[in-house]
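Report on the following structure.
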Amino acid sequence: MNPSQLKTLLARVAAGEVAPEQAESALLNSLRTAPFENLGFARVDHHRAWRQGFPEVILGLGKTPAQVASVAAEIVRQGSTLLVTRASADAFDAVRDVVPNATYFDDARIISLLQGDIPRGQGLILVIAAGTADRAVAEEAVRTAEAMGNDVERLYDVGVAGLHRLLAEQPLLSRARVIIVVAGMEGALPSVVAGLVSVPVIAVPTSIGYGASFGGVAALLGMLNSCASGVAVVNIDNGFGGASLASLINHL
Amino acid sequence: MNPSQLKTLLARVAAGEVAPEQAESALLNSLRTAPFENLGFARVDHHRAWRQGFPEVILGLGKTPAQVASVAAEIVRQGSTLLVTRASADAFDAVRDVVPNATYFDDARIISLLQGDIPRGQGLILVIAAGTADRAVAEEAVRTAEAMGNDVERLYDVGVAGLHRLLAEQPLLSRARVIIVVAGMEGALPSVVAGLVSVPVIAVPTSIGYGASFGGVAALLGMLNSCASGVAVVNIDNGFGGASLASLINHL
Amino acid sequence: MNPSQLKTLLARVAAGEVAPEQAESALLNSLRTAPFENLGFARVDHHRAWRQGFPEVILGLGKTPAQVASVAAEIVRQGSTLLVTRASADAFDAVRDVVPNATYFDDARIISLLQGDIPRGQGLILVIAAGTADRAVAEEAVRTAEAMGNDVERLYDVGVAGLHRLLAEQPLLSRARVIIVVAGMEGALPSVVAGLVSVPVIAVPTSIGYGASFGGVAALLGMLNSCASGVAVVNIDNGFGGASLASLINHL
Amino acid sequence: MNPSQLKTLLARVAAGEVAPEQAESALLNSLRTAPFENLGFARVDHHRAWRQGFPEVILGLGKTPAQVASVAAEIVRQGSTLLVTRASADAFDAVRDVVPNATYFDDARIISLLQGDIPRGQGLILVIAAGTADRAVAEEAVRTAEAMGNDVERLYDVGVAGLHRLLAEQPLLSRARVIIVVAGMEGALPSVVAGLVSVPVIAVPTSIGYGASFGGVAALLGMLNSCASGVAVVNIDNGFGGASLASLINHL
Amino acid sequence: MNPSQLKTLLARVAAGEVAPEQAESALLNSLRTAPFENLGFARVDHHRAWRQGFPEVILGLGKTPAQVASVAAEIVRQGSTLLVTRASADAFDAVRDVVPNATYFDDARIISLLQGDIPRGQGLILVIAAGTADRAVAEEAVRTAEAMGNDVERLYDVGVAGLHRLLAEQPLLSRARVIIVVAGMEGALPSVVAGLVSVPVIAVPTSIGYGASFGGVAALLGMLNSCASGVAVVNIDNGFGGASLASLINHL
Amino acid sequence: MNPSQLKTLLARVAAGEVAPEQAESALLNSLRTAPFENLGFARVDHHRAWRQGFPEVILGLGKTPAQVASVAAEIVRQGSTLLVTRASADAFDAVRDVVPNATYFDDARIISLLQGDIPRGQGLILVIAAGTADRAVAEEAVRTAEAMGNDVERLYDVGVAGLHRLLAEQPLLSRARVIIVVAGMEGALPSVVAGLVSVPVIAVPTSIGYGASFGGVAALLGMLNSCASGVAVVNIDNGFGGASLASLINHL
Amino acid sequence: MNPSQLKTLLARVAAGEVAPEQAESALLNSLRTAPFENLGFARVDHHRAWRQGFPEVILGLGKTPAQVASVAAEIVRQGSTLLVTRASADAFDAVRDVVPNATYFDDARIISLLQGDIPRGQGLILVIAAGTADRAVAEEAVRTAEAMGNDVERLYDVGVAGLHRLLAEQPLLSRARVIIVVAGMEGALPSVVAGLVSVPVIAVPTSIGYGASFGGVAALLGMLNSCASGVAVVNIDNGFGGASLASLINHL
Amino acid sequence: MNPSQLKTLLARVAAGEVAPEQAESALLNSLRTAPFENLGFARVDHHRAWRQGFPEVILGLGKTPAQVASVAAEIVRQGSTLLVTRASADAFDAVRDVVPNATYFDDARIISLLQGDIPRGQGLILVIAAGTADRAVAEEAVRTAEAMGNDVERLYDVGVAGLHRLLAEQPLLSRARVIIVVAGMEGALPSVVAGLVSVPVIAVPTSIGYGASFGGVAALLGMLNSCASGVAVVNIDNGFGGASLASLINHL
């Protein structure tokens, strides 16, 4: 039973065309077996997307260019902001055919088209990357956070082996409302950053490294075991995930 | 809005006391925020337990004897069958104070009291154990399956290093409708059993072994990689889980 | 000693041509050293395949197209249903040369040709997939279950992060006799499904995910540790294995 | 060179008692070797603690009762709020001797004494626990968040195998500004919760479980691989860490 | 159908009392369902134990002293050599009550009583231990090999960090027919020994070590990856397993 | 100081041309710093190779075709048997240029040329493979054992899920002096084989499998935890290593 | 505030143009927010590089040829020694365009150009490699150590399975001031070497091996668990890291 | 043949009492079978201990108090410095009975008695510990380094979450010739320290931490993946190993 069916039913009860007992039985039956779709739950979901400040995001991983383009076209047609992560150049070629004004950030592997009324976050999201090799993941975080309506600044190549590079940027650190720290290898940078600031630090381990970095496990464990408080961790290489959480916080 | 409130509302719509638009708004609001408790979802849950043929089970692990006894008393008072797994002797002492006719199977670490109208399973559940050291887990499976209304037989100490012991019991194997195979060490027994029968085999790895058995990991991996089809695996030492699934299948 | 040799031997004993002691000795000797092949054990095996409802299945993995085609031709010539899993397009080209009416389901990587008298399963097997990326494994399960004589329905893209999608399909869930749940990433869907139904749930972890999903280990562990009862697990990406067990159960 | 020494030096330069070249050399030398302590960096640190809203916290793990009591007395004497985590009953006995009005929350293993002027967080922190066995970690989070000046509510025993328990509490979920989800076993609850709300979700895996839960690894991996966005993870059993981050966010 | 039943059946066929077709049917039926027990397969097993040169061995792990004593008494009553591994002092107390002349080697955790006619191995089994801490496992190997009829010599405390200790014993190495090398920590000794001799080397990793030895995993991996040929490995701490294989080889 | 230099020195001492003190000093000096090369230790090594029955073996892995060919030519020129493992087709092309009569077993990835006087092993080495996919590793074992002078037979495709295939070959099993068992997936076959025979069983795990086989780890752990005695394990896919040890045993 | 600004400020204080209070405030402000860059900390860093004896090193991994060439040109223009590790042939082509006299060591994957005044190390660095397959990592160590101003010698193919090869080179061992030992497979060589010398041994595990070497984990664990003292370990395949530390020690 | 036997032999050759051929044969024979013990290799070993600056060290782990005392008495009787690591209080009680003036450092679990002529190291060894919980391991390093003749200073509780504590001690850092960094949790401190100094840094991971620290694995991986050069790692909790290497370096 969808909302318009409900409206009709209640009108008919009011008109005496349907007995209340019948209406009760129909309603309960509908709710018991399928409470959501009949009530237009998808609409409620749309409302939720609006509150969160970002529309549905397409994960490019494991989709063909044609599949990505098809979903992208649908989203853009609804007037929503388009965001595709882990997008290949081929996927962008396919998307551009149907969404000509989409942009491709190849270092971030992200396709986006900003439109609609994205609410602005309240402060600055700072994205810190330990090394140049962590750049791709950091850029995924930057572009995601921007698409979600946040002011973003970058601070790259400030690994813990040369602390002065980070310490010299304390004024920038102190301006941020949320900080995303992207690091591979030993993953020590979030601990150091969290010791210097009093805002939430979201740590994103990367699979950068070799030998016993085990595809990011060393960085992940380092971040989970951070001796600093105020740090939480997302999945390896998950720049999108870090930025999503940062944006949620920044919109509080 | 609970069912009786719904009944009243609809009656008032029929009586013209409430406009259909008002009723529509009240209903949608109620459903959007708390669709379940107001519709007596818990009752549905009771119905579900009745259909499955077994009531709520208490996991004794990490509960004090007093806590176990308190929940046990509640269940028994409702007239349901009592089943406590991973129950210590101390827990049984506490339960016996409030449920005097409960039984303790110490080798299975299970407390039970059969009452109510448990539907009977259709066939035989056979519980096979590879070695004498797997006995505790196997007994947990046996007592669980019995409490859930199944006929159960045991076939213990038939490990793959002495195949003739298993092969000699083919008549018993062929009488089973579902087979639970409990094994530690290399966990090879389920593969061998599944090659001899044409009924579902539920494999329960145990933490029995030493050295590179790694607390049951070797057995678990062996079972997951079974070269025989018709085998599925539950958690290490989870005799209860194996029996629960076997009972579900046996009640189909 | 094969059955026709046995027939002859017994006739000669009856005819007095062979002394019973000689026959006894010959029989015992044959049984002790090679009890199976001389008695036509392969035939017994055929009988077993007939009871289980599915003939021998070819695992395409690690076989050349020519090898797959050769075994396929043999199976089809015996009048049995053909099922090849993990089959490449090249393998299908080779099979089609010798089995022209075989079908290739490329998303499932399965070649099949239904023939012979496959017994029908008793109820519905429902194959649920958490995300679009789990589709290939889910399709392997679907096509396998169909080839084994079962009615199958699909329910895809109902991951736990958007529960309403699953909850809206409760009528479909309640119609199933066995449910196969295919999921990658955190592998939480089987727990949720098992909490909503009272039939066996077979969980198939997939290697879908990135970062700390470790090729399906995260999903596998999630499923093994399910807090719901009535769930068992097969190997990562093993859609065939899940369907084989589901079919066994559905034929009980 | 501390600030007052700097003041004197500059005065002497102004007075012509020290040549500018001498002053330059002395300053550079001081900065090069020890830029921080001479500038009163510790003071800056005190300022930082004041901004964050919580004073130094004592980790009881690996300290003797006497050591805990000694540090606790020092903190209380400075007028700061006392918070000791992982505190044994023995540690509390020792603390009570020197801080008679301290409180011990034994289920949370926390000693605390609220004093001074803790700034209040802006909204509600909701602490959700999947099972009764996760209670200790959840309570550590609750007591930590309370000590840090936050309003906290509990929602316990709402694991994913019985979704209706969680769904029935959506009004409570929607009132929270930050949610901490504590879960062991398969760790699926954060994914489900994050799909229902639009606020940050901090996931705390617990070591609760048996068999292949591997001391919380299964839950940790499940949470890291969450298919829902807006989730970040802290260390296994780290209720304190989850609450620290939640409090930081709630004070933004 | 057991052998005497077979004899009777054939006699009746010869006597014309049973038609050959009936006999054929009865025989095939018997063989199909239970080919082994009716043919006295257990007897064959006894014969096999006799050929291998060692009787059934009791694994003390996970058995109560009473259980160990009960099985031990049975074995001794049959006139067989008694061997109990992983035997506690309590188990020995219980065994001594029923087998007064049994011996307990406490450093090897082995109870034994040599009797019957154990065939002698052909050469010398040399048991080498890297460090003093590997002694318990080495002694388990020594006492097992002795009980199985082998001449055994020990060479202890010859770890690779002081090669001259091992090199000085080359005459002893060259006298061995099979060598068991017991080592923990990095497990390098088997590689070095195998490079000095031309006889089989059986490597037994021990759980001795700390830090990243991970309970013997480091030694196990070291031995599996030996750059020397002629080395095979048994389970961690499995001195019994190493000696069993060595004895088999030495009896060839 | 090499042996001929020693001969000269002693002659000169006898002739009075060198004082004994001088000779003593020269000898001690030589021995202390380089006891081996000066004494022609390489020759002793040659003697050892002769005793072991097999010459130096070339591991093709990580060598260019030219490097393999260069070492191969050197070995053949010395009149020794040539054995190259893990040899690519390209490596064989290069070897054939310099060793025209070498043979390439492509399924075993082995190049060999038998020459010289290889001592014959005393009995039969039986190489058993669980599945067709284990064939490459099994063939590496077969060709290695043959090159080392052993009679070898094959028994392939006798996995534990169809026990009758193995049981039917007991006469062959009982003829072997050493058995090599090659298996992937759950690695259960060595346990079953060892329970049927009384000769050494060398288990070779293979990386065959998918999902949670983890590149052979499941099979490796299964074999290490074998519940049968008389089994030892070599590295994953190490058919050469298994055959080297089997040959050593067979030459005892 | 950089040093020349400081000089000016102090001169103006001396000249009475700036009040000491103003100067104090300006200085403290500068130090508090950015103590490093304003004081020319980069220069101090340059001074540090000069003391350590090696300039900035470029890690080629994950950089495009153009990026490598760009940084290389900059370093060479400053007159510093150029060292690029993990450099592909393509990267060298790009570098040669801008640094024509650079050298490429392809087996070491290193580009270098020695210039400037690198201080010489005091003794000999000996690089030992266990097998020919470890050569690439060993050469990375050799070329790095040479570029850092050290005398280096090689000792390759001296694995522990043929000890005499190593023992014959004791004079060379005794001449080294620091030893780098590169080994894959079981990683036992550092233990043996450290037992023969009294200088620091730096162990470099390599990913060479197959089966259960797990990409160098077996070698890494072997080295960490070395029973010899005086051994420390760097990351898998990290020849550069081993040489950097060796050079630091050799310059003490 | 020991050196004095060699002297006699050569004298007899010179005297014509032994033919040079006979002497040659005797010498070669002796060298081939046991080149080391006859040449007093143990003596050479003593010489080596003298050169390294530290005598034999007793690892208390896995030894009874009586065993420790027995070896300790022997070492002290030879006039050597006594060093027992991982020594329990009980072990000290036993040692004190036979070595009354031995000292027990209970926080380091070390028994020592300095005597003989230990050569002094050339510079300062600085032992840094990240947290108070790392103290036991750090003290093991301190007491070991002191016993080996080094000047040692401590710098404790300077974890990376509060960088100013470390930065304030740069003068101390710059005075050290070798630095040992002891850290648990994320193990980031060695990277930070190595970025501040130009001397060798030896990293000692500790098993301190909880949750996903996995007994020191997180710290170990963090240290192995250090982005700073000049860092090498020893086993988890191996303070003795770190100090042994540091002392070797400091004595160069």
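Should a chain be cited, it is by its letter among A, B, C, D, E, F, G and H, assigned in written order, with residues numbered from 1 in that chain.
We adopt the following convention: contacts are C-beta pairs under 8 Å (C-beta built on N, C-alpha and C of every residue); 3 or more make two chains touch, one makes a residue touch a chain.
Note that the structure is a prediction, hence the values are computed from the model and not measured.
Engineer: With contacts defined as at the top, give the pair, B-C or D-H, that has more of them.
Structural biologist: B-C
Engineer: Of the pairs F-G, A-H or C-E, which has an interface that repeats that of D-G (more than half of the contact pairs shared)?
Structural biologist: Copy of the D-G interface among the listed pairs: C-E.
Engineer: Roughly how far apart in rotation are subunit F and subunit G when fitted on CA atoms, stated in degrees to the nearest 5?
Structural biologist: 90
Engineer: For subunit A, which other chain has the most distant CA centre?
Structural biologist: E
Engineer: Where the CA atoms of subunit C average out and where those of subunit D average out, how many Å apart are those spots?
Structural biologist: So the centre of subunit C lies 51 Å away from the centre of subunit D.
Engineer: What whole-number Å value describes the gap between the mean CA coordinates of subunit F and subunit H?
Structural biologist: That pair's centroid distance is 39 Å.
Engineer: Would you kindly tell me how far, in whole Å, the mean C-alpha position of subunit G lies from that of subunit B?
Structural biologist: So the centre of subunit B lies 59 Å away from the centre of subunit G.
Engineer: For subunit A, which residues are shared contacts with two or more other chains?
Structural biologist: Where subunit A meets two or more other chains at a single residue, that happens at 35, 162, 167, 211-213, 217, 220, 224-226, 229, 235-236.
Engineer: Quick one: which chain pairs are touching?
Structural biologist: A-B, A-C, A-D, A-G, A-H, B-C, B-D, B-E, B-F, C-D, C-E, C-F, D-G, D-H, E-F, E-G, E-H, F-G, F-H, G-H
Engineer: Could you list, by residue number, the parts of subunit G that touch subunit A in their complex?
Structural biologist: By the definition above, subunit G touches subunit A via 33-37, 41-42, 45, 61-63, 205, 207, 216-217, 220, 235-238.
Engineer: State the interface residues of subunit H toward subunit D in the complex, per the touch definition above.
Structural biologist: 132-133, 162, 164, 167-171, 174, 208, 210-213
Engineer: So in the complex, which bits of subunit B are touching subunit C?
Structural biologist: 48, 51-52, 57, 123, 177, 198-200, 202, 220, 224-226, 229-236, 240-242, 244-245, 248-249, 252
Engineer: If we count contacts the way the header does, which residues on subunit E are in touch with subunit G in the complex?
Structural biologist: 130-131, 159-163, 167, 185-188, 191-192, 194-196, 209, 211-214, 217-219, 221-229
Engineer: For the complex, which residues does subunit A have touching subunit B?
Structural biologist: 3, 6-7, 10-11, 13-14, 16, 19-21, 23-24, 27-28, 31-32, 35, 39, 44
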